[in-house]
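See structure below.
A, B, C and D are the chain letters, set down in written order, and residue numbers restart from 1 in every chain.
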Amino acid sequence: AEESDGNEMDVETLSGEDIEARNTGDSREEGQQSFQWIIHPYSEEDFFSKYWEQGPLHIKRNSGYYEGLFTTADLDRILHNNVVQYTKNLDITSYSNGKRETHNPIGQAHAPVVWDYYNNGCSVRMLNPQTFHARVWKLLATLQEYFNSFCGANVYLTPPDTQGFAPHWDDIEAFILQLEGKKRWRVYKPRVEEEVLPVDSSGNLDENEIGEPILDVTLEEGDLLYFPRGFIHQGHAVEGNHSLHITVSTYQKNTWGHFLQKMLPQAVSVAMAEDVEFRKGLPRNYLNCMGIANMDHNIEGREAFIKKVGEMVGRMLEIAPLDAAVDQMGTGFMHDCLPPFLTIADKSCSVYGGGEKWSPSKKRVVNRVELGPDTPVRLIRGNCLRVVVEADNVRLYHTLENSREYHAEEPQYLEIVPESAPVVEALIHAYPQYITIENLPLEEETEKMAVVSGLWERGLLVTAQPLDASYDD
Amino acid sequence: AEESDGNEMDVETLSGEDIEARNTGDSREEGQQSFQWIIHPYSEEDFFSKYWEQGPLHIKRNSGYYEGLFTTADLDRILHNNVVQYTKNLDITSYSNGKRETHNPIGQAHAPVVWDYYNNGCSVRMLNPQTFHARVWKLLATLQEYFNSFCGANVYLTPPDTQGFAPHWDDIEAFILQLEGKKRWRVYKPRVEEEVLPVDSSGNLDENEIGEPILDVTLEEGDLLYFPRGFIHQGHAVEGNHSLHITVSTYQKNTWGHFLQKMLPQAVSVAMAEDVEFRKGLPRNYLNCMGIANMDHNIEGREAFIKKVGEMVGRMLEIAPLDAAVDQMGTGFMHDCLPPFLTIADKSCSVYGGGEKWSPSKKRVVNRVELGPDTPVRLIRGNCLRVVVEADNVRLYHTLENSREYHAEEPQYLEIVPESAPVVEALIHAYPQYITIENLPLEEETEKMAVVSGLWERGLLVTAQPLDASYDD
Amino acid sequence: AEESDGNEMDVETLSGEDIEARNTGDSREEGQQSFQWIIHPYSEEDFFSKYWEQGPLHIKRNSGYYEGLFTTADLDRILHNNVVQYTKNLDITSYSNGKRETHNPIGQAHAPVVWDYYNNGCSVRMLNPQTFHARVWKLLATLQEYFNSFCGANVYLTPPDTQGFAPHWDDIEAFILQLEGKKRWRVYKPRVEEEVLPVDSSGNLDENEIGEPILDVTLEEGDLLYFPRGFIHQGHAVEGNHSLHITVSTYQKNTWGHFLQKMLPQAVSVAMAEDVEFRKGLPRNYLNCMGIANMDHNIEGREAFIKKVGEMVGRMLEIAPLDAAVDQMGTGFMHDCLPPFLTIADKSCSVYGGGEKWSPSKKRVVNRVELGPDTPVRLIRGNCLRVVVEADNVRLYHTLENSREYHAEEPQYLEIVPESAPVVEALIHAYPQYITIENLPLEEETEKMAVVSGLWERGLLVTAQPLDASYDD
Amino acid sequence: AEESDGNEMDVETLSGEDIEARNTGDSREEGQQSFQWIIHPYSEEDFFSKYWEQGPLHIKRNSGYYEGLFTTADLDRILHNNVVQYTKNLDITSYSNGKRETHNPIGQAHAPVVWDYYNNGCSVRMLNPQTFHARVWKLLATLQEYFNSFCGANVYLTPPDTQGFAPHWDDIEAFILQLEGKKRWRVYKPRVEEEVLPVDSSGNLDENEIGEPILDVTLEEGDLLYFPRGFIHQGHAVEGNHSLHITVSTYQKNTWGHFLQKMLPQAVSVAMAEDVEFRKGLPRNYLNCMGIANMDHNIEGREAFIKKVGEMVGRMLEIAPLDAAVDQMGTGFMHDCLPPFLTIADKSCSVYGGGEKWSPSKKRVVNRVELGPDTPVRLIRGNCLRVVVEADNVRLYHTLENSREYHAEEPQYLEIVPESAPVVEALIHAYPQYITIENLPLEEETEKMAVVSGLWERGLLVTAQPLDASYDD
């Protein structure tokens, strides 16, 4: 089946860096470009209609395509300069003669010790390179603007002619970017209907229980391999070549079912509060006609009960708080997100780099700036905040103060009075356009300034230009 | 409005004890009779079509109607012979000049101290008289066979010309049985739609905020007053007469909404496991078109998303595990239930009174009995157990080992192998008829005996006759 | 060694019931009599100087000695009339061919099922007969007034020619009272110094690892066998005779060590609060001269540090709150205690039976009584309360509201103002004498009455005579 | 009193940087030098005999003394380059007209916002500058080698003519290093004996309740002010000058009392396990003669009990595990510690910088090094590990993998077999000397190598010279 099934394509020689790095100033557009760069030369339409959640795709490309993304030398540098911890940040693994082992010591992973394992045939997996590596952070932070779902990554370094992992499937959409050397990949179909698009990852599988691969290819530098969650896979570094790849992942637990899990309990609560029908008592006999002991007995009342449940659910759906449930998903996404990777321009036009500074020579604060009614502002990223009503307040959950380490910080938010919500909505819908403060939809000038200052002070806004110091320093 | 709205009726002189106490051998029939006795001379049809969950009903009856149910002397005896604890079992309260107070000391409620409070104008509320009083236990245990919902009770003793409680509403259907003396009751409509059939009880309300009563009657011995949850009420013992009444309650948190709260999360889980549609990813743009910040913006994708949610819920409903959800409600009910009140006949035909005994004279066990293939058996009560599949086992949750104190024991169950389930189903559906063991639907005679013995040993079965000792003692 | 070591003695024929039951009105004296009855005809002095915590003692007595204490028929009756639960209240065990098994089903122990196990050679252990049996409760409640330590009991019924338990040791002082039939006991010395007077019970031991018995006797009705904690033992019902005995236990975790565990942390806290020496910094070098890595190195500062620790502990001991620590032990004891077994006289002279009652005919409270300045009162038991200062309040922890089930209630106490403490102390020290209220050491008459009423209302006081109704009823 | 009490001294002009920075290769010696630099020109002997834990000391020095330690410009840079969070890392405070306020927003502290507060008269306190600032980290890490107690720091920036904090006392020994500008300090004696060397800090105190200062001085650049825990203090930036100081703190909860709190419970446990006297029962009457209700009554047994407690404590002390208790303090210290600040030499001679590296050009691991029998090694710091026996293993608790953020990591340790303990002890006692591996006290060469490799791989050892690559790369 493999190789010949049209799931790959040769592309002209291009450096990926060139394509990916455009700075358009619209984070969603940049996200789209980053994704297009990943699937190049396929079009989004092609990709989503033929492969996404459906089957594997191999793309052959020139060897310099990923230049500058991540190298084994980067890994070495990270090990020397950062506190990388086994198990939390890095795994040492092997898979040999059908036996999968993890060799993690405890404590900090020092380079010489890691390289010793590597020389002895162990694979090295770095679990969250974005924590330690700006370029990877930037890529993932950009992609999440496209996917509206957390984008993660692992880096895998495999010694020549070894394999680090048993066959298994994951619970994420996987994009494998071959950075150095070569690796032979075999990909297998989900075995049964229940394992298609699974919600959880598998354990280690046995070679005997996975059937024949539907794809058997050797990835080379610059190549991409995509496969959906649930597709079993295994990769083996070919003789004479070490292999380094990064797996970009997304769409973990981001399904219709997960949405309904959040939405339906809220919907019942709303229905019970707003519609007396849901507060009426159950029929006295329902325990006697329903239940598994009564399933095969056509007891009176059974049919009516089942029919009534359908009616009640339909009735519930009419007043179901879909938007609130989406917002709950959205705040979860805000918490999952990497913080935005800020450019020099982002910084100089925001609280991150603009504004007041300490002057050692003058021994006082200088560069005092102020936002004015005619200052044009916009959100720092298209998807950097989420408006939610909790209790009687409006909360703006945002990604700005997240850590590069997943969930290392609690969800961060900023509270505003409900009256100021239209300002935030206007900023959301204006994006990527700037809007001057005076044009924001709120009566009082001072209130507009207060809301905008609050957002600016938390790093959520950028001005079109760096602010000028309004005082003589 | 009061008195004249037809919500009361004079009935001929009858002692309630006579009507209620019939022992028909069918617990559900006895439950129905007990309920008919409570609403006598109204018919069930009348009651449920006109009053249940709709509005108050006052029934005038002769003064001996409740004879033997509960008296102030019973309360005195309980205080002397049992460890009754303030707050847990008994409250001392007063309501005077619009001020509601609780005067509970800590520790055990000794009779002299309670009577001192009473003499000083305090009301006495016993919270769960069924724990200490067999006749009340019997009434409630019987009624729950009718309602399929926990039946509780409080007893209230009020000194002449006083009131113990502020106006308020409860979260249960209330049947007030006037046992001694007189009490004037005023009943008010729920104030707003949201307070109709409420899920929780109110706090103390102010006289100013409750409007005019829709019923204003003085209950006398033998009278009944019913009103649905949410109806505000207050009762005042009339001058010269102490008042003793018992409030029988049911249908607490037993609504369609509560059922959906249990059912819907299970339904999503089943749908996610069984139908790949629910494991497919959400549309990439859903966070940008849905959510409260987007409600008033007709963003592309919004309409489609909402439509799709409707379709998914409909699809989910087709495979929703309604029976399993009912069983979950059912096991909750088994845990809530009072244990059955056993008659002498119940005991002599069950493990409670039949079978092996110790002979002090022979210094050995005597009266060895055995169930045989031709022994007719049936469940000890119609609603005493619930069949549930948990993991791979079948569990029979039952009420037999519950305490008379609410939830004092953990849920009790007995596990059987799935193959034996038909025997239990046959016993359920045969009730109130007896069935001989040999006629139970299972292949092997020994297996039938094993299942039946297991049920008999836990007290779930009665034989038609006391078993004969099968050995010569 | 056995039989011949003088650890037993024949006594004249006497019924134990006669000796034990005297009601002297002084609970400590009654406790002493009960204990004397248990070790009769040994004297306390003999017993404590030769056997207590030292070695086993077998006393032969006449067969009627324990008449009325507990019988197998009592056990049968308890199983029929009470909710006895396997594991919590009752164990079914066997020991055969060196294998110890527990056969407990789950749920309620119904008599026919228990007798079935017994007929199949299983032993029956009732874990806390005092919960279900008044005579046992009375004995233990009386004994704890003597021991100032919780007294518990287990009942063991063993079929003829069987053994229910493997050899083992317990963590309590054991008094085995042979009630019915015969049992052969073998008792072994603790194996090593560390197992002398152990703090915890052993697991099941193997016959091979316990050496030779130092005592090998057959207990008959009326006999007593005592052995200290740590002595290994096993009992076997002899052929042709079932055996029933009750083991009375005491002094569990009631050692000097347990006292020091409570006292020393308090002592440091007090020392740190009151003496600045304890708040001074440790020497800078102590980590470098002390610690196991430095034990064998005579580093400078080591000797001085060790010497200083000795001085500090000595200094601490001078202000150590010994009384507060004893009180903490004492409140623990109050919580462990069985509630007092009240006689008819106790009841009629206390809140339990005296005072106000409800008159059904008069439909009001009658028999109103009042304590007067000349009413003589005393504590209901010598050891029924403990005075403790917690925060700024004085708490009287007491045993009156304990359950007969061990620790089923939280510790119960009554708070008084510090000014009233002398009244309680006077009552404690007067016991067993009565003292009139007017003679209690407090300025104001009304305050005396208030304190005494508070104690009387909680059941802690008895009057010398039943109070007369002070009003005409 | 102030100024004139001899608590200050003028010193010749010297830059502190010159004195402090010597690298002697012995961490304890370097710690001592750092401390001498802090109290210069006082001698240790002088300082500890006259001031430590006794009273305040002001030292006047030249303005360049602290050059390079920390500046307001450093603070500005930290705010721009790090995620500094309000409350966790930084406080905005004010104290004006007797009112102390904290103005912390939530979330990240952005420089422009902080400077805005400063311009409005608020003080800025950075709570743990060592987390963000290498020079401060180095100073504290060095000092803790001297004190054997955690050394922390706060930085305070105060606008001209303002005060940020109310009078209060702290629970640490405080060394205030005036870095920029001037601040007037008033120091007051502890008010009562109980507040001398207190275990906890005070709340904000009122000017009225603190009496007169015993010291009133204006600190200038290069000055030092020391005062013990418990001394009340307040500082006010003088008109026309902002003030920046760093407070170095140590000896928090490091007293004899804290040691006894750890030691005594262990001592009882050991005594109970090893000495049967501690497992013997308490006297039956102790509850009746001891306790606060019996304090003023000379009841028999009381005196004997008190005497016996003294004897038991004395007996306990003879076998008390002082070393184990010190080790428990020591592991606590290991956890509290800052990780060592590593020099370039430290790195190149340890796992941090030496050993295997990745060669991008050769695409394989190079610079393979190996420890040999004649390699001289020593601990990386004198106080970097603690040997503890837990259960049957020997654990080496160490500071190497601690975070610069206090307690951000769990206690880190490495387990070795008990047989290897002498190797570690030898390394501890050899420090600061190197010892060749072959001279370590263990039989087998391979075992020596294994232990040393284990320590080297965790970063605990340095070699005398960087290791040579033992293979040709």
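Following the convention adopted for this analysis, contacts are C-beta pairs under 8 Å (C-beta built on N, C-alpha and C of every residue); 3 or more make two chains touch, one makes a residue touch a chain.
Since the model is a prediction, treat every value here as computed from it, not as a measurement.
Separation of subunit B from subunit D in touch steps, taking the shortest path, is 2. Rounded to a whole number, the gap between the C-alpha centres of subunit A and subunit C is 63 angstrom. A straight line joining the Cα centres of subunit A and subunit D is 41 Å long.
Rounded to whole angstrom, the centroid-to-centroid distance between subunit A and subunit B, based on C-alpha atoms, equals 49 Å.
Looking at subunit C, one finds that none of its residues touch two or more other chains. Arrangement of the chains shown, judged by which pairs touch: one closed cycle in which each chain has exactly two touching partners. Put simply, subunit A touches subunit D in their complex at residues 71-73, 75-76, 80, 83, 85, 105-108, 110-113, 115-116, 118-119, 180-181, 242, 351-358, 360, 363-365, 368-369, 400-401, 403, 412, 414, 457-459. Subunit A meets subunit B in the complex at residues 52-53, 146-149, 173, 193-194, 196-199, 251, 254-261, 263-265, 267-268, 271-274, 276-282, 284-288, 290-295, 297, 305-306, 308-310, 312-313, 316-317, 320, 322-324, 326-327, 329-330, 333, 383, 386-389, 421, 424-425, 428-429.
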